[in-house]
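Next up, some structures in structure tokens.
You will see subunit A twice below: alongside subunit B first, and alongside subunit C after that.
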Partner chain A sequence: MEFVLSQLAGFGGAFAALVVDPLTYVYLVTSVFLGITFGALPGLTATLAVTILTGFFGNKIPLDYSLIALLGAYVGAIYGGSYPSILLNIPGTAASAATAMDGHPLAKAGRGGEALGLTTTASFIGTLIGTFALLVFVWALLLVSKNIASPEKALLALFGILLSGTLMSEDLVIKGWIAGLIGLAMAMVGMDPLLSEPRYTFGWSYMMSGFQVVPVLMGAFAVPQIIEGLRHADVGKLVQFRDRIVPNLATVRRYLPTITRSGVIGTGVGALPGVGEDVAGWVSYGVGKTVSKDGKNFGKGSVEGLLSAETANNACIGGALIPLLVLGIPGSPPAAALMGAFKINNVIPGPTIDPAIILRVVAILVLASFTMFLMGLFTARVFIRILRIPQTVFLPVVMVLTTIGSFSVGGGINDLYLMLGVGFVAYFMNMLAFPIAPLVIGVILGGLFDETFRRSLFLSDGDLSVFVSRPGAAILLALNVALILSQIPFVQRAFGRLKRRTA
Partner chain B sequence: MEPSEDKSIMRARDFWAALILMAVSVFFLWRTADIPLFNTTQGGVAGVAWYNSAAIVPLGIFLAMLVLSVVLLVVAIRAGGAQRALTAVGLGWDRDEALRFATLAVIFLSYIAALVPRVDFIICSGLLITALIYGYHEGRTGRMTLAAGIMALAGAAAMVLHFPQSEWSAHGDDWIALVLWIGLTCWMLWNGHRSRVFRITPWIAVGAPLILVCAMAFGFRQNVPNRGGLIFSKIEYHYYVTLRPLWRT
Partner chain C sequence: MKKMFGTLAGAALLAAVGTSPAAAQDYPYRDITTAVVWGAGGGTDTINRMIMAEMEKHLPVSINVINQTGGVAGSNGMVYVMNQPDDGYTLVGLSESNVTAAVQGGWDKKFDYWYPFIVGGSPDLISVPANSPYSTLAELVEAAKAAPGSIPAAASGAGSIHHLNLLAIEKGAGVTFKFVPYKGSAPGQEAAIAGEVALVVTSLAEQAPLIAGGELKPLAMLTPETAEIAGMTVPSAFDLYDGLDAYLPLKQAIGFAVHNSASDDVKATLTEAFNAAMAGEAVAEWAAANNYDIGGQSGPEAQALFETLEANFAYTLQDLGVATVDPASLGIEKP
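The block that comes next holds the complex of A and B.
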């Protein structure tokens, strides 16, 4: 208890420092507004919002303000996706796909205002639950992470890529793993981190410093969305509603156990490396459907279903920041973009991170969730109007935003070539149902994996038992092996037989 | 389309994807062979053992990719992907979609590779926005082709007139791109004056790049593409010579 109180005191100091600074509100209101707008426009995603703002704010303003802008956009975009989900039955972001299942039937039943009021409240509470978990668990994990050495780091990076590949694949799991390997391979370009030996530079001096994170993120997340979205499509029929968008406190109180459960699930899923808000929303929705008495009405306009999905996807934000801040492993694709912002500011997330940054992140998340809540209640009509803008009108502007953002981070035309090249590859990968998130996680963690894997072998004189002789490493190795084996059909069949026999 | 049909198309695509991935893996394994592996000097460090070599991790990555590509190929062949792979219908390939992608590729390549380095950012971005909205808003193939043709023409002019980096600040290609932009805008308004989207397009095409480039250059004080461009050089001059002294003094 004393530990929690001391954390709360530290958080109070960081919060007060932010609250008294007028510039905080400028960045906060702007970024949350932009985030909700990005989330509300189908075709733009939370990852894209954070990535594009990284291009603009990443290294051009002090890190504190940069974090406000990026976290504000992150929180806003995850929430903003619920608008088209409820009113158009088109998820604004993948994270809000589960929200559409019950949000749209509610809107069609003339309860659109109530649905939006509930998602606003659920998103707000969800973000706070995730943030509280971040505040408490990040410190406990930071204490543990002091004992994490190179073998554990290498295996953890590998686990992050494998897990992301496994859970983010919509088709074959093997495609997720291949995407992760492509990302790892991209991270090998340039001077190697231990011996400065050039790899795959093809005599091009630009390649010596390796692939820059921001152009890769822009290419991987923006260009395929733009190519995919530039086609004739009707905006869709907005469901009209007359009721007011207000938080229904009696309903919130009645469903508090559901909100709490969904918040915990969202935070837990977010803490898994490389697994995003969409998975959190669906897992929470699935659990809700199983355990709820109202489970049979899920998908037909159930308030509980709506709250399950919407609370979890916002709670995932705090969860996704836990592995990012403690281990330098992003918990979700937008967190990967955030990692890019840290990197271009020369801040290395992980056990050596300045504790003050963590407290500021927590304080910013709390302020961002308050801003989102107020904007959701008082400016919702603005965002509903934004839904009428066709993709073919805003996507060309996004292309210009992406270009100037990518150029300004590195200051060179070569970054634009890299962005476009990665963009075309990512488009074809999307078409072939290869997930993009593991690729990005691979690019970000590739350098860490290469360095720590070889350092482990160097310190043990090439003895591979270094990966099993330490308890932490042995557990992580077992997790990696179990994850791979669990996807092999032969092993799955054997387990199935064993299960039937024991039953 | 039936889910089973979708799956068959996906396996046909997987067949080709696996072959490409195998070729890429083999190519990079061959390139990795250039990095010494056993007891060598690397980056000025002598006596580097295999486990510390810069080649060990890439070797593992490309070997794993090769193995997984073979597995993907086997999965695709077993699901009948190889039989469907040689027909356009089997791949789920659509002529209109191919044209849409090809025209977009031409537009993006012209913009990034030819126009952004050489032409004023406001002009080339305005042309891009106009071309994309005109070409793709109503999904007509004729408009897509015209939009791609105009972007390609502007890009080719920039490449032919001012290919070397030393000539990137010259203005000949800026004028050509500007004329093409005005021409496309007039054509769009003439043919689609009833469309509300087309009527607001010129405002978006001028406003968005203008605000972005000014915010980046004067707000964030960052480098922007082609500072010596036809319009931006004038804005920059008047910002520092005419406007800034007003509040600096």
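The block that comes next holds the complex of A and C.
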């Protein structure tokens, strides 16, 4: 308890420092506005918002302020996705796909304003739940993480890549794994971290420093979306609504258990490496449908369904930052972009991260969620107007921003070729229903896996038993094996038979 | 139109009158840019931002600090500044680690391409995790003698200043550790705390917060002087092993440089501002607070220092088999 109190005191200090700095509001209001806009425009995602801002602000302004911009955009974009979900039945981001299930029927029934008011409140509460979890759990985890050495790090990185591949695949899980392995292979390019030997550089000095994270992020997330958006440039039919956008406090109070449950689920899903807001929304929606008395009405305009999805995707933000800050393993694709921002500022997230940064992140998240809440209530109509802008206008603008962002981080023309190359590959992978997030997670975690895996073997003189002799490593190895086995049809059938027999 | 032409002509005349008596003394008349070859927030970046702010006070212009990172051992930034005119308006912020850029194939110049100014560096020391069974360097060396090549030691990447320091103490004390490379000082120190390695060699500035926090136990300084930190006196390894002065100290040298081909006036103006800044209170306070030793060498003296470092690094890298270019082909003499 004392521990929690001291955390709250530290948070209070960071929060006060943030509140009295006038520059905070400039960055915060701009970035939350930008975030909501990105979220609201179908085809532009939270990941893209954070990625583009990383390119722009990453190493141009002090990390303290770039964090405000990035986190503000992150919170705003996850929330902003709910507008088109409700009004157009097109999810603004994948994170709000579950929101559309009940949000759109509500809007069609003339309750659009109420639905928007509820999602605003739910997103606000969700963000706060996730943030609170971040504040408390990050410290608990930091204590443990000091004992995490190379074997555990290697297995965790592998788990992150595999899990992201498993959960992000649309059809076959193996496709997600393949994407993850492609990312892993890309991470091998450059100077070998242990022996300082160049690998796969083909004598080209640009390749010596490996694939830069920001151009890869831009290529993987932005380029395919822009191509796809330009190919199908159609705007859905906007549902008009007459009622006012106000948070229905009575409804919020009635559904508080649902909101709390969804917040916890969202945070938990977020904390899983490489699994993002979209999964959080769906999982929470699914759980809600199963446990709620109102379950049969889910999908027909249930307020509870709407709250389940929308609370969870925002709670996911705080959760996703936990493994990022403690272990240097991003919990979601936007967190992966955030990690890029940390890296280009020479801040290495992990056990020795400056605790002040964590407190600042928490303070920023709280302030960002307030900003989002106020903007959502008072300026929602402005954002709804944005939905009328044709994609043919804003997508080229986004392409320009993406290019400038990629270029400005490293300042080399080669980064642009890399971005385009990755972009086209990612586009065709999308067409073949290969998920792209595991590839990016692979690029980001691949370096960590390669380095720590080989260092483990180096330290043990090639003895593979280091991965089982340490208790932490043994548990992680078991998790990895279980994850792979659970996807093999033969094992799945065997488990099915076993279950039937015991039942 | 006519009036504008008149104004322009007048301005030109004024400028000509203003500059003609002693054109050379007019450096600097516009802002100077310093391109730091390492990332923002790192040691070299911090030092450059600090010293440039101090030098500004003694110059009539501002100095902008930017970062040009990437390449091999900071070669991107050095190539960038090399391609700028040698008029003293573009400086390069660098450190001792850049001397390996040439032998690693990052660029094709010897380090005397630069006219360097050394602000300082932090001395290296050897530390062990807080719960380590060794509490003196002698105990550690004894254990290493009993089991040669099996005690894991972290010291940044192969060929870094910390690695060279580790090699030096191995030679001086007649032992071998199992060198485990890490991507930088921070991950190496993290590994020591996690108990993955038994000892770590990095700089005092980098270890200070961890020593103060009780995570690391300092054993010995790799300099002739002792050091005071967190209420402890860290003994010098030199007092334990006589032969050490043959290999040590190998110290960080962080600072900035201008093209060696720059005019003497440029060099003189910069040296004057540099000396004035280094003599100031602010630099001394900053160095004390961050556990840095003040250097203050410039010009030929600094060049000689870098030449020693360059030779040391280059041939060590060649011995390790990681140099892609033969140092002799660059005209670097064997130390």
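By our rule, the second predicted complex is superposed on the first by the 500 of 503 C-alpha atoms of A that agree within 3 Å, B and C clash if a C-alpha of one lies under 4 Å from a C-alpha of the other, contacts with A are read in each partner's own complex, and residues count from 1 in each chain.
Going forward, a contact is a pair of C-beta atoms (placed from the backbone, for glycine too) under 8 Å apart; a residue touches a chain by one contact, two chains touch by 3 or more.
Small disclaimer: the values here were computed from a predicted structure and weren't measured.
Visitor: Once chain A of both complexes is superposed, is A:146 in touch with subunit B (first), subunit C (second), both, or neither?
Guide: In the superposed model, A:146 contacts subunit C only, not subunit B.
Visitor: Touching A:347, do we find subunit B (first), subunit C (second), both, or neither?
Guide: Only subunit C is touched by A:347; subunit B is not.
Visitor: Check whether A:170 is in contact with subunit B, with subunit C, with both or with neither, and answer first, second, both or neither.
Guide: Neither partner.
Visitor: Does subunit B (first) or subunit C (second) touch A:432, or do both, or does neither?
Guide: In the superposition, A:432 touches subunit B alone.
Visitor: Quick one: is A:459 in contact with subunit B, with subunit C, with both, or with neither? Answer first, second, both or neither.
Guide: After superposition on chain A, A:459 lies in contact with subunit C alone.
Visitor: With the two complexes superposed on chain A, say which partner A:195 touches: subunit B (first), subunit C (second), both, or neither.
Guide: So A:195 meets both subunit B and subunit C here.
Visitor: Of subunit B and subunit C, which one contacts the greater number of residues in subunit A?
Guide: Counting contacted residues of subunit A, the larger count belongs to B.
Visitor: Examine A:208 and indicate which partner it touches, taking first as subunit B and second as subunit C; both and neither are also allowed.
Guide: A:208: touches subunit C, not subunit B.
Visitor: Which parts of subunit A are touched by subunit B and by subunit C alike?
Guide: 191, 194-197, 411, 458
Visitor: So in the complex, the part of subunit A that touches subunit B is made up of which residues?
Guide: Listed in rising order, the residues of subunit A that touch subunit B are 56, 60-61, 171-172, 174-175, 177-178, 181-182, 184-185, 188, 191-192, 194-197, 199-200, 223, 227, 230-232, 390, 392-393, 395-397, 399-401, 403-404, 407-408, 411, 413, 416-417, 419-420, 423-424, 431-434, 449-450, 453-454, 457-458, 461-462.
Visitor: Show which residues of subunit C lie in contact with subunit A when the two form their complex.
Guide: 39-42, 45, 67-72, 75-76, 105-106, 152, 157-159, 178, 180-181, 183-184, 186-187, 189-191, 193-197, 210, 322, 324
Visitor: Which of the residues in subunit B end up touching subunit A in this complex?
Guide: 10, 13-14, 17, 21, 28, 31, 35, 42-45, 48-52, 54, 56-58, 61-62, 64-65, 68-69, 71-72, 75, 100-101, 104-105, 108-109, 111-113, 116-117, 121, 125, 128-129, 132-133, 136-139, 197, 200-201, 204, 208-209, 212-213, 216, 220-225
Visitor: Can you list the residues on subunit A that touch subunit C in the complex?
Guide: Residues 59, 63, 146-150, 191, 193-198, 205, 208-209, 344-348, 350-352, 410-412, 451, 455, 458-459.
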